[in-house]
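The following pair of complexes shares a single chain, subunit A, combined with subunit B in the former and subunit C in the latter.
And now, the complex of A and B:
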């Protein structure tokens, strides 16, 4: 924060540049670096420093991206990917939260299920896609299953760890008011664990997107992963990079949205 | 509106790893609070006073002996017994507003009664001096105010027995006096049975009808004294009463493990 003060103190009179500086604040240098890299990319392609059909200038990629806005293949593919990612994410999240809380609170379930979860957890999800194709085919069932699996673990792990940190006083308070076990889980343990759950859910968003794209690359005939591979074969690097750009924007937007929702829905985060 | 709560030859032994005998927290404690009595239990820090109260609340079973509520043994938290925790901040629900915290014990009631109960909760908040803070969150309030929320929530549960586990030890001295007076006021109005656990001798004398003194480990009952100070009590005049000072002298020497006989003769 002191950096902002120095920056603002340095500009003696209000100017257009000053106002941009204030708006961007400490992010200014980060944005400048990104702009410099993009400029370098553009120049390197235009001036022939890198001579390659797969190295189009940035402006060409941007143009390809913008031209897609009128209803191009990229947006259709992205929508298909997001639909799968969201479905798998929802399933994996619900299971992760439910099992995280149940295992966190029940010793019997912990003893029964934790070893299984611990042994499956370290397997990188993309590694199980090829064997899964044999059982689930190449369509949505496979992809949604893989995405659920990838989502499940960070959500479960964070929830499970979060339950352990719920203060005993809270549980005892519920007990002295003769609150039932189910109600205590739902009305006390779950909300008390929400900050930890949110951290797991946020981590899982990027994983869901990764596994959605990877699974589409490996199998199937729709989605942005499939589109990327197609454009690679079609020697259309501009569209390939444009698709990557849309993915970057999506990932960034989801993360921002999450932070805003967290602040809105969990205002007590870090306050207790 | 109040009930009798008693410890009948209660012994509590905590299992200690690598030890056959375990750690004896209490040995053979028999003590009873009569209906509408304000009983204080004082003892040195770490003597396990809270454990005694948690057994009374049905949160923890005794190893031997029984906790009796109106003559019936307590196993699980019984209805009408409400516990006021020392760590008020940890006992309030951070995701609920003040009024929703107070509503918590009443939520098993049918939906049709919700509005009426909510009004009641507003009244409880008024009784603890928190009108206007209904929609705040606990973490937006000071420590003393948070404990007031916990007290209002205890009132909402319609306590026959109120268990107070060093409830004022985490607030500043002035706030502590305010909260003590508040609890006394509510107790005089509602006439529940109150059991207070504290290491503050003055607090015990100021609030209670009787004070039970616990000794060092393994904890046993050392003495029970009648306070006998007139009510209503006042933070200034009661504390300046010569009888108050004499009791304080006596109890403090007991806790400091001096010879009480000698002190009593003075």
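And now, the complex of A and C:
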């Protein structure tokens, strides 16, 4: 009896742990890895394994991050960065989708514009920021242009490739029904291309955020990029890492939001 | 009758609008970096000296001085904070900028070469085959550390110069990625307290003790089109300078600097503050120009006297 009792007792405990594991699923391992890295960071700083003014303990960073919730500079800076990133992202995405579809369907436009796009595409956006200061100044126009440029290419490339792979039977069927060019584009080509466009848009979200931060670091008066550099010079690494933490959370949240929207709005994504 | 009344109303509106517009402060966009030498400007803003001159100072802080001159030329700024080497390079390249005002003296006591303690780096001669960190190659820090190496028996050609941002220099030094670094004030203070590091020398003291590395610049075109605004700016700045000189070593100055640099006040209290220079010194600028020529940084000759703005 006692053996059975022990077995019952033992089996009830793993079931609680099991339910947590089930709820978190494979994410548990990811969470554990992050926790282990942060713990290692904390210990390495506290025990002096890494001696640097720019290696504060994680708990100090967390405290700095929490103290900012009551209305600190980080959230204001983050809002400024997000505003720029969203504006640039919207402009770059609209242009990328429009040109991707148009070039995909028009041979004349393809011949005229594709060489230019292919020449500009490999240029890293941060490299063009300093010379652009002369033409666009140092304010939002410069940063939004750089973000739009960085967003444009993945969206354009994916859209363009997506249009090229639209099943020809669909187009032929639309033609059989004498569907107009514009209607075919909107009702046949666009929905068939949406999964490709969405893939491009998702790649572009992280790029938009990265370029927003970099442009603020080079020519910023506000935003999280400027804040990061400012805090380095102000000998406040705790606030600098807190800003990086907020940035990471934002990037993660944007990506999750994108996946949710993708599943809701393009349910045929990933299905053949 | 109605037409006459309307005419009178219009005339009154026009007459009224002139003083109304005159009362509106004119805006000057000034690029700044978070450095303590800008304290007189911030004092002028805080204590309303610019407002009293009818000026609204729109500060555009940037993390580094690199975009100051491009921003000036592109029209983003009216006045930019920059340095003597960048200003001379700009003029040599045909960008007609003028130096507007002097800054607090004492650059020679604030910037230092630091190295790891106990490795025997005392002079430029000891740096042969070593790596020295500078914030930007071919700019003011690079220029003066090379001259210091030469003056103290070394050969800059035998030294590797590596670009490292000021906040990362101490870590790079401790991790032995570099052997010495030319650092600015706050980090010199931090290095002085670090048992693993030591201050080797204050290169400006040995090369050019009265050097004026910091400048306020504006294009000649802007100055000529806005003489009144520039005059009012300089008048208010002069009051800021006077406030600064009168508050050296006082709490008000420490808290002002801590406020705009965001540095901990304890660090600010350790900084050395010197009075503002009386004028932009042409002789000092000539010395910088000659050093630049020797290092190949200036291809064209520059008449420094023409670069200094005279009211």
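Following the convention adopted for this analysis, the second predicted complex is superposed on the first by the 256 of 272 C-alpha atoms of A that agree within 3 Å, B and C clash if a C-alpha of one lies under 4 Å from a C-alpha of the other, contacts with A are read in each partner's own complex, and residues count from 1 in each chain.
What we mean here is this: a contact is a pair of C-beta atoms (placed from the backbone, for glycine too) under 8 Å apart; a residue touches a chain by one contact, two chains touch by 3 or more.
Keep in mind that this is a model prediction, so the values were computed, not measured.
Applying the stated contact rule after C-alpha superposition, one finds that A:146 touches neither subunit B nor subunit C. Judged by the touch definition given at the top, the superposed model places A:207 against neither subunit B nor subunit C. In the superposed model, A:51 lies in contact with subunit C only, and not with subunit B.
Shared-chain residue A:65: touches no atom of subunit B or subunit C. In the overlay built on the shared chain, the residue A:169 is in contact with subunit B alone; subunit C does not reach it. In the superposition on chain A, A:243 contacts neither subunit B nor subunit C.
In the superposition on chain A, contact of A:267 is made with subunit B only, not with subunit C. With both complexes placed on chain A, subunit A has more residues touched by C than by the other of subunit B and subunit C. Legend: residue contacts after superposition of the two complexes on their common chain; A:194 is shown touching subunit B, with no touch to subunit C.
When the two complexes are laid over each other on chain A, subunit A has no residue in contact with both subunit B and subunit C.
Interface residues of subunit A, counted against subunit C in their complex, comprise 51-54, 130, 133-139, 217-221, 226, 229-236.
Put simply, subunit C touches subunit A in their complex at residues 31, 34, 59-64, 66-67, 70-71, 73-77, 165-168, 170-171, 174, 186, 190, 196, 261-264, 267. Looking at the complex, you find that subunit B touches subunit A at residues 54, 57-59, 76-77, 79, 81-83, 85, 87, 89-91, 93-95, 104-105, 107-108, 137, 139, 157. Those residues of subunit A lying in contact with subunit B across their complex are 167, 169-170, 172-173, 175-179, 187-188, 191-192, 194, 266-268, 271-272.
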